[in-house]
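One chain, chain A, appears in both complexes that follow, with chain B as partner in the first and chain C in the second.
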Partner chain A sequence: MAESSARRTAIFGIVATAAVASLCAALPWLGVSAYLRTLLYYGAYYLALGQAWNLMSGLTGYVSFAHGALAGIGAYAVVIAMNAGLPLWLSLLCAAAATALASLVIGLTSLRLRGTAFTFATLFFQELVLLIVRKLPFVGGPGGIVLEEILPAWLPYLLMLGVAAGATMLLLVIRRTRTGLRILALKDDEAAANAAGINATRLKLILFCVSAAIAGATGAVHGLFASSLFPNVVFAVDLSIVALAVPLIGGAGTASGPVVGALLYVVIREVLQVIAPGMHLTIVGLVLLVVILFLRDGVVVALARAIRHRRALPPALAIGPEPR
Partner chain B sequence: MTLALQLIANGLVVGGLLCLVALGLALIFGVMRVVNFAHGEFVTLGAFATYLLVANLHVSPLLGIPLAFALGAVAGAVVQRAIIARTTGRPELDVLMTTYALSIVALGAFSQAFGGDFRSYAEGPSGTLTLSGVTIGWRSLTVLLVCLALGGATVLIMRRARIGIALRALAQNRDAAASCGIDVQRSELFAFSLSVGLAAAAGSLVSLIGTVTPYVGHEWVLDAFVVVVLGGMGSITGAMIAAILLGLVHSVASFVLDDSWAKIVAYLLLYAVLLVRPQGLLGKADG
Partner chain C sequence: MPVLEVKGAHRWFGGIHAVRGVDLTVAEGELVGLFGPNGAGKTTLFNLIAGAVPPMEGGIWLNGREVTRLAAFRRAQLGIARTFQIVRPFRSLTVLENVMASVPSAMAERDNDADDAMAILRTVGLAHRAHDLAGQLTLGMLKRLEVARALALAPCLLLLDEPLAGLTTAEISELLAVIVSLKSRTSIIMVDHNVRQSLAVCDRAVVLDSGSVIAEGTPAAVRRNPEVVRAYLGEAVTS
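The block that comes next holds the complex of A and B.
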C-alpha cells in the first residue's frame, strides 16, 4: 500500500512538474510582461542550481560551498565553446562535461574521507577557480569574455525551464531507485552502508559529478542569458550561497523543497531590492539562520507539520489512519 | 643569504598572524567539533574596532589589541550562548550551516556599514629596523611579538591551567570528561570566548600592517582553514607548525611569483595534502 502510494506521489510530482514547466514555457507567447518573464527565469535559474546542490548535499549531508563556482565554470565553458564555433547543443554538453571534470578536483581529493574534508575542499575550490581564471589569458583574465553570437531572449528562458524541470524530476525519481536507497543508507550511517557492501566513495563521487554537471548546465544556460562574463561576478560567493539557501529554506533532501525555496527566494530578492538594496546578503543569512535553528526541515515540512498538528488536535474528528 | 633571511622574516610575520587565527579554529574544533565559518568575521570585527578607535580618538593602535580581544571574547560568549549552543547534538550539516549563515550575516553587515573602501591609519609604531641586512618594519615586529605572547599564553593555558586541562579532556572524550565532573557548558563557553578573542586580537594586528576592508577577515580565515586542515583538524600544535610553514610558503611564493599565485599554491598544497595525508601533519587517522 505504502509502496504504491509513494509511486503515485512520484508520478504525480513528475506530471505536475512537466505541467508547470510547459505552462511557464508558454507564458511569453500569452502576452505576459517581460518583467514577469525575467522573474520566472530567475526562479528557474535558482531552482536548477538549488536542485543540483540538493542532489549532492541535500541527499547525502555533505555540504558544498562551491556550486556557484561550478556554475561559473559551466558559463565560461559554454561561451568559449560557442565562440569557437560549436553548435549550441554541443556547447551545452561540453559545459556540463567540463564542470563534471573540474568537480573531480574536489571529489577525488576529499570524498574518500568522511566528514568536513569535502566541505573544506569546496570552500577552497570557490576561491581557487576565481584566482586561476583571473590568471588565464585565453579566458580573458580579469576583464572577462563576451559571447559573440546574439541569441533570441526566449532561448535561454526555455532552456533554463528545461534544466530546472529536469533536475526536479531527477530528484523525484532518484529516491525511488536502488541508487536512492543506497544514498539513504549512506546518509543514515556511512560505516554501516560500507559494511553492507555499498561502495560509499564511488557513490558519493558519481553523485557529486552528476550534481556538478547539472550546476554546469545551469551556469551554461545563464552564460547564454548574461552573454558577458566577468570573473569577479561569475565566481562571486553569492551564487554558492543561493545554491544552498534555496533548498535549505524550502527543505533540503526533498524534491519539492527547492521549488518553494526558489519562489520564496525570488520574492525576497525583489522585495529587498525595493526596500533595502544593500542588505540583501544580511537578510538572506538571517533567514537561513532562522530556518536552520527553528524550522530545521525547511518551510515545506514545517508547514505540513503545522497543518497536520491542527488537524490532529480534536481526536473525535480524526477519520481513517493518520497520514504519514 | 640575506634574501633568504629576509623571506623568512616576512614569512614569520604572516605565519604568526595565521597561527593566531588558526589557533582559535583548532581549539573550537578540537573541543566542540564545531567548524566556525564565522571566525573570519570576528577578525574583521577586531580590525574595524581598532581602526575606529585609532581614527576617532587618535590613540596608539597598540591600545586596540587588548580592547579588540575583550570585545571579541564578549561577542564570542554571546554568540556561543545564543546560537551555537542550540546546535549541540544536531547533525553536522546543521552546525556547519549555522556558522556559515552567521558569517554571511556579519559579512553583509560589515559591507553595508563600511562599503568597499580600503582603510588604514598612520598612528602607532613606524620606521624599520635593519639587522645584518634584514629589514623589518617596527609594525611587523610588533605583530610578531604580540603573536608570540598571545600564542604562548594560549599554549600555557592549555597545558597548565585547570580550564586548559578540562578542555583537553573534553577534546579527548566528551562523555568521559563530563562524567568526571567537568562542567561542559562552562568549558565550551570559555573555549569559544577565548577563540573569538584571539581572532579579534589578530584582526587588530591585521589593521596594523594592512588595510581594513569588510572582506579582510574572510581572506585571512581561508588561509587559516588551510592551516587547520594541514596541521590536522583540531590539533593545536599541528596548526602552529602548519601556520609557520604556510607563512614561509606564502612569503617565498609572493616573492618569486605574486600574491595571487601564493594563494593558488597554498590551496593546491591543501588538495595535495588531502590526497596524500588526509589526516594532516599531526592529526590522528580516523575514518
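The block that comes next holds the complex of A and C.
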C-alpha cells in the first residue's frame, strides 16, 4: 500500500514537472516580458545545477564543491566544439562527456575514501581548473573565449528548461528504483551497505559521473546563453556554493527541495540586486545558516514533517484553541 | 568440502595482536558457536571473514575459493552475510526496502522483489512492520531485521555477531528459534555472551582467548574443558 502510494507520488511529480516545464516553454510565445523570461531561465539554471549536486551529494552525503567548475568545463567544451564547427547536439554531448570524464579524475582518486577526502578533492579541483584554464592559450587564457555563432534567445531558454525538468524527473525516478534504494542505503551506513553486497565505491563513481554530466550539460547551455566566457567568472567558487545552497535550502536528497531552493534563491538574488548589490551570497549564506539551525533538512522536509505531525495529532490538539 | 576454512589468520592493530594464528573450519549446515571473553578477538575474526579488514597473515577460503584479498561486498556477493554487534539498519529506508536493497549472492537466481522480501520478513517475524521506517523499530526487531537483510543475500555462510545481546527473554527464545530454523539454508557462525542458551543450539563450539583458539568441540565437551572454565565460563555455567 505504502509502495503504491510512493509510486503515485512519483508519477504525479513527473507529470507536474512536465506540465510546468511545458507551460514555461510556451511563455515566450504568449507575450511574457524578456525580464520574466530571464528570471525563469535563471530559475531553471539554478534548479538544474542544484539537481546535479543533489543527485550526488544529496543522495549519498558526499559533499561536492566542484559542481561550479564542472559546469564551467561544460560551458567551455560546448563553445570550443561549436567554434570548431560541430553541430549543436553533438557539442552538447561533447560537453556532458568532457565533464563526466573530468569527474573521474576526482572520483577515482577520492571516492574510495569516506566523506571529507572527497570534499577536499573537489575544492582542490575547483581551484586547479581555474589555474589551468587561465594558462591555456587555445581556450583564450585569462581573456576567455567567445561563441562565434549567434543563437536565437529562445534556444538556450528551452534547452535549460529541458535540462532542469530532465534532472528533476531523474531524481523522482531514481529514488523509486533498486539502485536508488542502494544509494540511500550507502548514505545511511556505508559499511553495512558493503556487507549487504553493495559495491559502494562503484555506485558513488557512477553517480558522480552522471551528476557531473548533468552539471556539464547545464554549464554548456549557460555557455550558449552567455556566449562570452571569462575564466574568473565561469570558474569562480560562487557557482559551486549556489549549487549546494539551492538543494540545502529546499531539502537535500529530495526531488522537490531544489525546486523550492531555486525559486527562493532567484527571488533573494533579484531583491538583493536592488537593495544590496553584491551582498547576495552573504545573505544566501545567512539563509542557509538559518535553515540548517532551525529547519535542519530544508524547507520542503520541514513542511512535510509539520503536516505529518499535524495529521498525527488527535483532532482537538490538531485544531487547537481559538486565540482569545 | 567445508563451506569456510580459515588457516593461520593473524591480525594486529598497532601493538595489539587481536587474532593469533586462528584456524577455523565450518561444514555445510553447521551452526558453530564462537565464544570468549571481551577482547578475545571474536568480532575481529568476523571482520576478517566478512572482509571488513584483511588478515595480515594466513588465508580464508569459501567453498574452496580463496577470498582472502576480496573486498567485503565481493564476499557478500559470494555468499558471506553478516549482522553487526551494534545494529546498523538503513534507517531512512522501510523494513521492506532494507531487505530489497541487499544484493543477492551468486547463489540466488535474481534480485529479491517485494514478494521475496516479504517472505524473508515472514521468516523472521517482521512482515507486519514491512512498511515502517527501520529507525522506528525496537532493538529486538532491529536484530531480526539484520538477520532478514543477511538472508536476502541467499548466503552460504551467515555470521551473527551477538544477535541475542540486549534482548528480553521472550525475544531471545524467538530469535534462537529463527536461527535454528536457518540451519537448513545456510551454515552459521554465532558469537554471543549468552553462553547457556547459545551452547544449547550449537552443533560445535569454538572458544577464543587473547586472539587464539583455546578449545574446540561439542558444546558438552567445551563446557567441561578446564581451560575454558578458567578463562571464560566460570563454575556457574559448568555445574
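Keep this in mind: the second predicted complex is superposed on the first by the 306 of 324 C-alpha atoms of A that agree within 3 Å, B and C clash if a C-alpha of one lies under 4 Å from a C-alpha of the other, contacts with A are read in each partner's own complex, and residues count from 1 in each chain.
To be clear about the criterion, contacts are C-beta pairs under 8 Å (C-beta built on N, C-alpha and C of every residue); 3 or more make two chains touch, one makes a residue touch a chain.
Values in this document were obtained by computation on a predicted structure and should not be read as measured data.
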item: Chain B versus chain C as contact partner of A:R269, first or second or both or neither; value: neither
item: Superposition-derived comparison: chain B or chain C, residues of chain A touched; value: B
item: Touched partner set for A:V284, first chain B, second chain C, both or neither; value: first
item: Which superposed partner A:R114 touches (first chain B, second chain C, both, neither); value: first
item: Which superposed partner A:I241 touches (first chain B, second chain C, both, neither); value: first
item: Chain B versus chain C as contact partner of A:R176, first or second or both or neither; value: neither
item: First (chain B), second (chain C), both or neither touched by A:A191; value: both
item: Chain B versus chain C as contact partner of A:R296, first or second or both or neither; value: first
item: Partner chain in contact with A:R37 - chain B first, chain C second, else both or neither; value: neither
item: Intersection of the chain A residues that touch chain B with those that touch chain C; value: 191
item: Residue ranges of chain A touching chain B (in the complex, touch as defined); value: 57, 61, 63, 65, 105, 108-110, 112-117, 119-121, 123-124, 127-128, 131-132, 134-135, 191, 241, 244, 248, 252, 278-286, 288-289, 292-293, 296
item: Contact set on chain A toward chain C in their complex; value: 1-3, 178, 181-182, 184-185, 187-189, 191-200
item: Residues of chain B that touch chain A when the two form their complex; value: 35, 83, 86-87, 90-94, 96-98, 100-109, 111-112, 222, 225-226, 229, 233, 260-261, 263-264, 267-268, 270-271, 274-275, 278, 287
item: Touch list for chain C against partner chain A, complex; value: 50, 52, 71-74, 76-77, 81-82, 84, 88-94, 96-98, 100-105, 111, 114, 131, 149, 152-153
